[in-house]
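Next, two complexes with chain A in common: one pairs it with chain B, the other with chain C.
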Partner chain A sequence: MQGLLLISIGLPAVAGILLLVLAFSEHLRAVGGTGVKHMRLYLFVSVMLVASVLLATTAAWTGDNSVVLFRLIESIPVYFRVDEVGRFFITIVSVIWLAVGLYSVPYMKHEGGEKRYYGFFLLSYGVLTGFVYAGNLITMYLFYELITLVSMPLVLHNGTREAVTAARKYLFYSLCGAYGGLFGIFFLYRYCGSLDFMMGGTLDAAAVRGHEGILLMVVFVMLMGFGVKAGMLPFHAWLPAAHSVAPSPASAMLSAVIVKAGVIAIVRVVFYVIGTDFLRGTWVQYLWMTLALLTVFMGSMLAYRERGFKKRLAYSTVSQVSYILYGLSLLTSEAMAGALFHVAAHGLIKCGLFLTAGVFLYRFGYTRVEELEGLGKEMPKVMWCYTLFALGLVGIPPTCGFISKWYLAQGSLHSEIPVFSWLGPVVLLVSALLTAGYLLPITIKGFFPGEEKSRENRKVHSGEEVCQGKEIASSMLIPLLVLAVLVLVLGIFPITLFK
Partner chain B sequence: MDFVCNFPFISIILSLFSGPLCSILPGKWAKRVNGIVIIVVGILSAFVLAYVTGTGEAFIYRMGHFPAPWGNEIRIGVLEAFMGLFFCVIMLLCMVAGVREREAQIEESKQNLYYVMVNLLLCSLLALIYTNDLFTAYVFVEINTISACGLIMIRQNGRTIEAATRYMIMSLLGSGLLLLGICFLYDLTGHLLMSNIKEQVHILAQTGQYHIPLMVSVGLISVGLAMKSALYPFHAWLPDAYGYSTLSSAAILSSLVSKGYIFLLIKVFYRVVGFEILTGSKVANVLFVFGIVGMIMGSINAIQEEQITRMIAYSSVAQIGYIYMGIGLATQEGMVASIYHVISHGATKSLLFVAASGLAAASAGRTSRELVGSGYRNKLAGIAFTVGSLSMVGMPMFSGFISKLFFAQAAVGHAHKMLPTFIALAISTVLNAAYFMKMVICIYSPRYGGDTTGENTIVGRVVFMKEQPVKSVALICFIVLNVVLGLNSEPIIRLIQKGLAMFG
Partner chain C sequence: MLIVVILPLFAGILMPMLPFRTRKAMLVYLETVVSINSLLVLLLLLYMPEGTLTLFRFTGNLSVTFRLDGMGAVFAGMAAVLWPLAMLYSFEYMKHEDNEGSFFLFYVVTYGVTMGIALAENILTMYFFFEMLSLVTLPLVLHTRTREAILAARSYLYYMLGGAAFAFIGMVFILVYGTTSSFVAGGVLNMAGIGEKSDMLLLIYVLCFCGFSVKTAMWPFSSWLPKAGVAPTPVTALLHAVAVVNTGAFATMRVTYFSFGTELLRGTWAQKVVMVPVIFTIVYGCSRAVKETHLKRRLAWSTISNLSYILFGVVLMTPLGLVGAMAHMLFHSFMKICSFFCVGAVIYQTSKHYVQEIDGFGWRMPKIFCCFTVSAFALMGVPGLCGFVSKWNLAKAAVDSEMPLAYVGIAALMVSALLTAIYMMDIVIRAFCPVKGSDAVDDKNVKDANWKMWVPLAVFVAVMFYFGLHSGPVMELLEGMIY
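Our next item is the complex of A and B:
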């Protein structure tokens, strides 16, 4: 079964690279793809994606595999292992990738550069698989860097000045953050028994004695470093820029999954290498909680003020991912369960939200919040989906957002940390209100625009040929519906995921 | 004594005498002879490497079989042999990759001179690597300088003549200091052979006699060689020299010439001064500080640079800083890291120069504005440049990451130097990323920053791989070399450790 693990990483990566090579060789000829060529491309991408998803999930659910690929240097192998976190995360990634893949077909046809897009799309699936299956810190770091590199072209996709600036910003912040992580890895190499992941940590107590101060500092640097990717304050500035400028399906992937790479990296460092006992009650934990809560609040505030629709969603990601970080920072199992559940909940919801944003952009070229007024009449299904996602993000039952927030609040109240045990839920609640404040008005105005707006004649931006009178092409609608159903199902039957 | 033991001597003599031979041969033949000599020397070095690895200890070869205090010696261990091989490989690839540029940029009548210079350079590099005699080392340092000067100047335009003059002045200053240092040492110890000096230095250190002159001479040698290898404040000659000379010169200068001096310095530390005395002295600290300053300042200068070759040249200043930082740690691990970085940087920097020239060939000029989209016009060069950049930034899987890993590991647990090293590594990584990734994004942007007005501001032509088969092969070799160094560094590290053990 060891081969399966490697193939599941290698297949999408190789397929992606193949597409990129093809895209590369076609770049100069500047030929518009004919219908047949497009069909072939879609067939290839879908077969590859489905095959890799199948492989990855089978590898995940057939038990604990591990495989050493090769040794980078003698003491540092590149090593993969499947465990609970990996299994959990790859499932979410697969669902989102399938949804986004289907959605991209009409969307990217309009946007152009499909081969390049699908190349990086597949490549990033492979890299993410490698990332979640990584068995030690160095392997994880390797794939962490690769995630940045393969997701950057998605930001860069349309090549405008804005996109180039955003991509540079993204790259720069991420590399700096990753270096913070690497800096810590250098230290941990000395203080840990091994860099392999083991629940509860591998810290070598004898080596640490007398160096607690410096080690705490190191852990803090690592948290900040990996926190960059998760958009934690004060290094969140890249996120709204990068996520709003990418093509919508790419934004959905970035916001729903790629930012979670930072979260997973922090989970690995704190729970699997350092161990929670070492951090409990230290200044690092308090500072971490403070920063996470600040980000939750600030993110929501910024989203509330923002008028660009995708940018608003991006700020909302800043805020929501810090819910997860706050849950992790409590260092209790209950809060961690809530946090991981929120990884899934936020992933599905935010993916759905960006895809709806993409629908509006695709059909009418709308990017601002005000422009969305009165759309409920023309696109009732999409608007209903949007409403459901919005409710989910606010955390209203029976959506899955409620479950995760419930556990987060419970975990916080039971954590017995002075001040934070009650401050946390209060901030979460305030932020939930703000979330409602910036998401729900779109629904309200969408369905009840007032007199003058509803009669306005809309200019259709694109996609007339695939929609054919319907409100939107079914390949764009189905992913939205599936995600919406999943949000509901997970809200009503959360037990399946908690296992 | 086995026949193989003659090989180092043969390769020095071979490259030395093929120089004059090249000057009288017709142009085409000079080129061939030059190539053949490099290949032959490489093969000989490979044999020596195999031999030394087999016996497991360094051997001494006496020139003319005169015994020690009078005769001249060369001494070869695993590391020396490996360096010889590595230098030959890089030099061959650089020469091969730059053929077309050389033929276009150098006057017909001077083509032969170029090969003379390259042969002399190879000879002096080999001698610097192998020699066990300080004065011989000095002589070949001078030969090295002169031939390097020729390599810079042979492409005749104003900038290169100025650059060569600057190089000459800085280099001769360095040589002067080196010579002074050697004179002092000779005065103190009465020997010129490295092993003999070391014995005497050891006695001096034990008795505490002549402590200050000893330190002064060590300092002079270090500063002299540092100057020649472009450690930060002495780098002024470098950007012009690398930026405007012809391709193979730039690549050879950056990846080999400065490395030869560094190798000599390390050898002096091990074989002449003795590692314990170096650790006890403050010389290492000075090198450490300048190394760190160089790492940061070199990158800052590179960020401000618009022109791609000059940017790469400034990045060399930063990378030389890394190497001196490793030496400055004054630990065994630090030295291993530095030597690994010598190799890794040698492989990467020449790759970058060759790739940059490929990109420039597909564009109107060399500034970042003109290079927009060149990654699409010359695909192989684009990929190669990306690989080199990622390696320089320190992405895992490429050689740069491994050397950073080793620098960091060498620094962990060092009482005073751990934190400065880490911070310097952090800042420099970030700065490296800033300019290299900017360039990578630039060569892969379809148009300059979404400039909607000038639809066709990009001037350039498409360069296909078939057009320049030789260069493509060289680039592919470079890429493979980089990836191999990054993925499979363990044997080389072990070789360096073994070589250092044989050094003393």
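Our next item is the complex of A and C:
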């Protein structure tokens, strides 16, 4: 089964690179794609994607696989191992990638540069697979950095000045964070028995004695470093910029999955390398909790004030991912379960939200919130999906957002940390209120725009040929429906994920 | 052993006397000489001859003597691999420049001098070739004969001579207080004879270190290097990014580990005094690189920063630090020469010198810019490329030393990695993702470079990947030569 693991990482990566090479040579010869070529491209991408997803999930569910690929440095193997977290995360990634892949077909046809887009799309799937299956810190770091490098081109896809600036911002912030992480890895190599992931940590108590202060500092730097990718304050500025200029399906991937790479990295460092005992009750934990809660509040507040639709969603991501970080910072298993559940819940919901934002952008060219008034009549299905996602993000049962927030609040109340145990839930509630405040008015205005707006003539922006009178092409609608159903199913039967 | 030093010297000096009918004949002659010499060096490395070879004696124990040891072998091997490739590249590059003859003369002579430094058995020999290197590379800086070049050459000369003077002081003291002038691992100082003078000796060490590190362009002696960027690219790439500056680093390794000895130095104020400017330079060089928009000067600042990585490894004064320093010296040479040659190819093909002029060139010159991207990733320290391996070793050594100042150094390494990403990826992003509407993309005259230029680049890229993915053997070699 070891080969399977490697192939599941290699296949999408190779396929992606192949597409990129094709795109590159095509660009050099300056020939455009034709209809027939499009069909071939879709066929190739879909076969590759489905194959990779199948491979990755079978690798995940066929027992504990592990494989050492080769040694990067004598003492540091590139080592993959499937474990609970990896299994869980790859499932979410696969669902989102499939949904986004289907959705991209009409969307990216309009946007252009498809080969390049699908190339990086597949490549990032491979890299993410490698990332979640990484068995030690170095392997994880390797793929962490690769994630940044292969997802950056998705941000600058349309090549406008704004996009290029945002992509740079994204790249430099992320690398800054990655180097913060690497800084810590140097020290952990010295003070840990091994860098392999093991639940409970591998800290070498004898080596640490006398160096607690420096090690805490180092852990803090690592948290901040990996927190950059998760959009934690004060390093969140790149996120709204990058996620709002990327093509919508790419924003969906970035916001739903790629930011979670930071979360997973923190989970690995805190729970699998250092161990929670070392951190519990230290200043690092308190500072971490404070920053996370601050981000939860600030993110919601900024989203509430923002008028650009995708940017609002991006700020919402800043806030929501910090829910997860807050859950992790409590260092209890209950809160961690809630946090991981929120990884899934937020992933599905935010993916859905960005895809709906993409629908409006694609059909009417709308980017601002006030433009969406009265759209409910024209696109009832899309608007209903949107409403469901919005409710999920606010955390109203029976959606999955409720479950994760319930566990987060429970975990916080049971943690017996002074002040924070009750402050946390309060902040979460306030943020939920704000979330309702920035998401739900769109639904309300969408269905009840008031007298004068409803008669307004809409100019169709694009996509007439694929929609043919329907509100939206089915390849864009199906992913939305599937995600919506999943949000409900996970809300009603959360037990499936809690194993 | 002598041959590898003498052959390029004579071949170079002979060059003006030989009647070459065509340019081609000259090039064939040059490439043959350099290749044969490289082959000889590699043969030497294969057999690792024991024993020393004394060329002549001045007086007493002052002699010009050669010997091949582990560290020298690494340095010599590196130069032997790089020189023929750089030669090939410069054949194409120098087509546009005048006075090819004198250029190649000094280019070849420098090879011999570098070998002399690598194989030097004692401090005097090293000093001798060290001075010589400054002198023979001077005409190369001067090459274009523009006002700028003359000014640059002047400051180059002053810095070098100043540095050599300080190094000379150190040499004298080693001759007086040492048991022998040879390089012996662990140092040659006569501990009994030092007694209370250790503070003075530490001061001398600091002076000597500064003197040699002028060549590595450590702050505050760094300004000559960006200025020297007026020289033709093969010179800036091979000499000012690799040979000359590495000689400085190599010399500091020799004096630190093989003359003064780390036993005397470790944990003293002298170590801290030299470490502070080194750490500062790591960040300073990168920051200046970010600010600089001239392509070659940007890379020159980057070199300054990276050379200080090496010095950082040296001043950790642990065997691990030396291993890290050697590794970075080796790997950095490949990374930097690759990026320099890429930039040189751009300058050669398009005569654009500034960062903002290269929008969209990535699509016009794909081979060159792919190589450049790889070298950028390597310099940033992406795992899987060689830059990561050396950074890892340096940082590991720094953590192990348990000095607070060394921790600051690691932080400096990370900051510098970020800044490196900024100034390198800036170029990559510009080249591949021009902002919509810029006209550079349509510039049909911009063509990819020909094989003489990209073959060396491809070799460098392959080497970077090889060392990055499979660093075991080379690290073992480096460790073996020190313990």
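The rule is short, and it goes like this: the second predicted complex is superposed on the first by the 496 of 499 C-alpha atoms of A that agree within 3 Å, B and C clash if a C-alpha of one lies under 4 Å from a C-alpha of the other, contacts with A are read in each partner's own complex, and residues count from 1 in each chain.
The criterion applied here is as follows: a residue touches a chain if its C-beta (ideal position, glycine included) is under 8 Å from a C-beta of that chain, and two chains touch if they have at least 3 such contacts.
Treat the numbers as computed from the prediction; the structure is a model and nothing was measured.
Under the clash rule set out above, the superposition-derived model of chain A with chain B and chain C contains a clash between the two partners.
Contacts of A:Phe172 after superposition: both chain B and chain C are touched.
In the superposed model, A:Arg190 lies in contact with both chain B and chain C. Residue overlap on chain A between its contacts with chain B in one complex and with chain C in the other: 24, 27-28, 70-74, 76, 138, 141-142, 145, 149, 156, 159-161, 164, 167-168, 171-172, 175-176, 179-180, 183, 186-187, 189-190. Across the complex, chain C is touched by residues 24, 27-28, 70-74, 76, 138, 141-142, 145-146, 149, 153, 156, 158-161, 164, 167-168, 171-172, 175-176, 179-180, 182-183, 186-187, 189-190, 214 of chain A. Taken in their complex, chain C has these residues touching chain A: 363, 366, 377, 380-384, 388-389, 392-393, 395-396, 398-400, 407, 410-411, 414-415, 417-418, 421-422, 425-426, 429, 433-436, 468-472, 475-476.
In the complex of the two chains, the chain A residues touching chain B come out as 24-25, 27-28, 70-74, 76, 138, 141-142, 145, 149, 156, 159-164, 167-168, 171-172, 175-176, 179-180, 183, 186-187, 189-190. Residues of chain B touching chain A in their complex: 376-377, 379, 390, 393, 395-397, 402, 405, 408-409, 412-413, 422, 425-426, 429-430, 433-434, 437-438, 441, 444-447, 449-451, 462, 487-490, 493.
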